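Each of the next two complexes has subunit A plus one other chain: subunit B in the first, subunit C in the second.
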Partner chain A sequence: MSTEVAPSPGAPTGTARPARTKPPKDFDRPRFLKAFVGLFFLVLFVPIVLVILFSFNSSRSLQNFEGFSLRWYQEFFESESLRDSLIASVEIALITMVVATVLGTLLAYGLVRSRTRWSNAANVMMLVPLVTPEIVAGASALLLFTQIGLELSITTIILAHITFSISYVTVVVRARLASLGREVESAAMDLGATRWQTFRLVTLPALWPAVLAAGLLVFALSFDDFVLSFFTTGESPQPLPVRIWTQIRFGVRPTINAIGTFMLVISVLSIGLALLLPRLFGRKESGLKVLLGREAA
Partner chain B sequence: MSENGAGSAIHFEAVTKRFGDAVAVDDLNLEIQRGEFFSLLGPSGCGKTTTLRMVGGFEQPSEGRIFLEGEPVETVPPYERNVNTVFQSYALFEHLSIEDNVAFGLKRRKVGKDEIRRRVAEALELVELHERGDARPRELSGGQKQRVALARALVNRPSVLLLDEPLGALDLKLRKQMQVELKGIQREVGITFLYVTHDQEEALAMSDRIAVMDAGVIKQCGTPEEIYEHPVGPFVAGFIGVSNLLPGVCENGSIRLADGSLCDAQVPADCAAGADVQLSVRPEKIAIDDEIEPGMVTVDGTVVERVYVGTSTQIIVELAPGMRLMALEQNWVRARSDDRWEIGNRVKLGWRPEHALVLR
Partner chain C sequence: MNENRFASSFLVPGGLWLLALFVVPLIFLLAISFGHTDDLGEAIYGFELTNYERVFDADLIPVLLRSVGFALATVVICLLIGYPVAYYIAIYGGRWKNVLLALVVLPFFVNYLIRTYAWIAMLGDDGLVNGLFDSSIRFINTPYAVIGGLVYGFLAFMILPIFASLDNMDRSLIEAGKDLYGGPWQTFRHVTLPHSIQGVLAGSVLVFLPAVGDFVSASLLGGPEDVMVGNLIQQQFQASDNWPFGAALTVVMMAFLLIWMSLYLRSAAREARGEAV
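Take a look at the complex of A and B:
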């Protein structure tokens, strides 16, 4: 332990202690945590990677990869019923996205801007759809639709999807609106803008990234929703997730892998767009922050 | 001045504003002249911002009327009033460029494109930001944002500009600099400024007239000098500068202080003998020991604290328990450290009788 000995007075101190080559930065971040995180991602992604891999398998086998081919994608797109299901799913997701985004944004505006004694209660009530088990929401929607004699179809799926999506939009937009503050709107009116002009020219442009992000989130949620769709779907066309489930009951075909991969791509794309678009619109904040409601001050 | 204040920029006629049971502004009567730099000064919650918001149209008076250039405005919504506001938070439109921020008001008024361009350029020139017209608000510093907010309001040539603590978010140095600039800009454009602040120094530095408010009521209204030199009561004296209040009793033409000493002062004629009063002397009017001149009122005390504040040193002297005076010593008088009053020293303080105010 010669390096620990204090240098005698007057001796050059530079040589007494070896230069520190590595800052002691790991003491609060143990290595096993890194390993743990690695394991977590492995468990999370391996099944997904396998699905993607086997969607390109040339044989029927779900165990052995025998060669690259696009035959399952071909089968997917050539099957008329699957194509109808895909179109139905996209249609449901698009309509749900537009309607839920408009309604959710208006709801957020009302919740943030109104200051009555009911607004606190309304703010909490609005979260109920987020925590309601989907199976309960689905069963009650089915009950409602049959009670009022509404025939199950794409329309009923859309109604059910809109109902649960509004809350997501409201949560995202409300956070943004709260951070906008009232003075900006006062300033617009002070400068001669009417209430409607203020909303159109000042409030909406400021909310735009949040509205967009919320819309794409809703699209992704609606597109791959199974439980609600299952309860509220009609005979035909069924949305894709329900259709897959029906098909699996008659035996698993590798087409499932192709459909799964395809749906994954669409979901990832819409979430990715939700994260990226605010940046492309020249904002310096990331879409992640907008979605999580964490605004840069 | 005519009955409804046609010659004035703003005229408050018995204006009261209540929020539920709380009275924010209580029977306000005030006339602000055209071209005046008028400040509403007071602690937070005194009703000054509410008064401003009523002029802007964001609040309606519960009672009374407000006239803008002689016209009653109770039925006029904010976007049709010829006033503009500079907000404390700047409230710039983040999605618009600086130029578009400044042009916002003119576009709402359907001003021609060429004129908009010319006036926006003028306004940005006025606040020395003509080179940052394409920038976004987020790229500017706090002081620059404040100037944009000012240009955005002034470009509309309002009859009155309302400023709600516009310098509150700036640091001290920038604040001092902006005070000078604001005053210069106001002189240049000649628009009436109604300025709300809780900073007495700011109000003194910029205003033509100041109204000191407390609990919804104007305590005193006058020029900065009147308010500083002749405060009408303990609240105004205490709010503007350090007031050095000494309790005492009127006694035929002079004041008997609480410690028993008799003090020459200009006692108001209507102050009956035996009435409780407070004697106020500004710190810079107090002379210490060898600075005392003949004819001054003198008191004795002990130095209990000395605070070095750069240009001067504050010396706090206790005359009797609970009776303290603050005196200011310019630091050029005794710059050397071995020649100062130390804590515990006995000193004599003196001031001219006319510098002592008798407050009730």
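Take a look at the complex of A and C:
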């Protein structure tokens, strides 16, 4: 098997392989690996394709596809409580996006451009939420809200979501900021700009692609989040993922496929936009690299 | 105003927010874990260790071990699946690299619950597969289903860091290894693997941490024998309303995870410093 993974062109393999004449990037593209990756993508996408397919099923069945219809989408949008949940989910994601993007961007600037004891502490405080299991965050947020007497509602969900979204924004924006040369900032200050003017007129415009991409990423994460919402939600309206949980636990209706497909479309749109935005700004680098924070490399 | 002070002021809003809504709640959690509940189920602060004694009670040890075992199995499977995929995309992706990477990330933006539900619909006792083959194989409500759900949930966290480390590697090193008569396995072991070890370690931690704390997979795909520590915590905070005990469980889990977190954070901090200079 190991010989299939990367056959050595130097070894006497017997078959005449035009190894040296082809461009190096596929001089020994191993067939086994290709098949493995193909299988991987198949398994990855089959469940998702099924959800989309069955969202258009005309019968109640979740097993047999009996014809095309939009009845489950109709039921989804006509149900007042599901519509309230959808509106709540969008509201939560939008407010989270705006607040977390502002706070996260400021934090990124502070972390990159200052070297104090405080910036080290802030750096750790920013990184820990990224690796904290959501259940810890959810349980502790629930505890805080009840201890200070804040009634559970959309507001408490938004507060919890913002807390855990700041770090994503900071990581993405910080990578972009670290890759920017400081010459332009210095030039602006030599020309008499104050530090604040330099930040507003020089640094911030250069950060826009990363800031927007991070914001859209946060929108998608917040819109999809279940665990934090589950711990901090009030009675009603509950965000869509909490409703999905209730359905799976206490009886599935075929509308679940329509809800799932609709949520998928919203997530894919926001992530797609996040990936494409840097291009719209006339940059050559891919949005994926901006999001993965790998521009500096 | 000097630059250091100007930039430091930008830390204030985000820093205060994280302090008030992330650090302070964790302190509350720690404090209440030493408390107890009164007759009405209200949590009362105090200083007693009974909750911690309960966590390490003989009944619960299997649950703690199972959580770690499931999470470790998830890491190993994610590595076995994720490494070849990341390798293929980084080395052979060519101009399709970004498309393939986007295809890896895309499913992870389909709601975790919906993806888990899709597996139930496919593999449930009267699901698609059993219907198709007229069989009655039990896939769901088994430990394998729980681990499968965790793998499907967190695989992207393994693939992305490995891809990043392989993509940064100088491709000609592999050719150099081969020119020096290294076999494919030798080249992989002495050249490729050492270059991607940072990605492997980062990916393993990023999969392990959420897997240990997960309760969705075990709730939806596991049977009553497959309960993980996340399920216990969730029940204490929601169904049985024993917050002090739930808090103690959370603190123990978090203390255990801190070891791995600090390893990851140290390398992440090193990287950030290197970039910022």
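Following the convention adopted for this analysis, the second predicted complex is superposed on the first by the 256 of 297 C-alpha atoms of A that agree within 3 Å, B and C clash if a C-alpha of one lies under 4 Å from a C-alpha of the other, contacts with A are read in each partner's own complex, and residues count from 1 in each chain.
In this text, a contact is a pair of C-beta atoms (placed from the backbone, for glycine too) under 8 Å apart; a residue touches a chain by one contact, two chains touch by 3 or more.
None of these values were measured; they are calculated from a predicted model.
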Query: Overlaying the two complexes on subunit A, which is it for subunit B and subunit C: clash or fit?
result: fit
Task: Look at A:170 in the shared chain and tell me whether it touches subunit B only, subunit C only, both, or neither; answer first, second, both or neither.
output: second
Message: Between subunit B and subunit C, whom does A:135 touch in the aligned arrangement: first, second, both, or neither?
response: second
Task: Determine, under the contact definition given at the top, whether A:205 touches first (subunit B), second (subunit C), both, or neither.
output: first
Query: Taking the superposition as given, does A:122 touch the first partner, subunit B, the second, subunit C, both, or neither?
result: second
- prompt: If you stack the two complexes on chain A, which partner ends up touching A:190: first (subunit B), second (subunit C), both, or neither?
  reply: first
Message: Under the stated touch criterion, which partner chain does A:154 make contact with: subunit B (first), subunit C (second), both, or neither?
response: neither
Between subunit B and subunit C, more extensive residue contact with subunit A: C
- prompt: Who does A:181 touch here: subunit B (first), subunit C (second), both, or neither?
  reply: first
Statement: Taking every C-alpha pair between subunit B and subunit C in the superposed model, the minimum, in Å, is 9
Message: Considering only the contact definition stated at the top, list the common interface residues of subunit A for subunit B and subunit C.
response: none
Query: Which residues, counting only subunit A, touch subunit B once they are in their complex?
result: 181, 183-184, 186-194, 197, 201-202, 205-206, 208, 284
- request: Report the residues of subunit A in contact with subunit C in the complex, numbered from low to high.
  value: 2-3, 5-11, 24-26, 29, 33-34, 36-37, 40-41, 44-48, 50-51, 54, 62-63, 102-104, 106-107, 109-116, 118-119, 121-129, 131-137, 139-144, 147, 159-160, 162-163, 166, 170, 174-175, 178-179, 195-196, 220, 224, 226-227, 231, 241, 244-245, 248-249, 252, 256, 259-260, 263-264, 267-268, 271, 275, 286, 288, 292, 294, 296-297
Message: Looking at the complex, which residues from subunit C come into contact with subunit A?
response: 1, 3-15, 17-19, 21-26, 28-29, 32, 81, 84-85, 87-89, 91-92, 94, 98, 101-107, 109-122, 126-128, 131, 160, 164, 168, 171, 174-175, 178-179, 181-185, 187-188, 205-206, 209-210, 212-216, 219-220, 230, 233-234, 237-238, 243, 246-247, 250, 253-254, 257, 261, 264-265, 268-269, 272, 275-276
Query: Mind pulling up the subunit B residues that touch subunit A in the complex?
result: 56, 58, 77-80, 83-85, 87-89, 91-95, 104-105, 108-109, 138, 152-153, 156
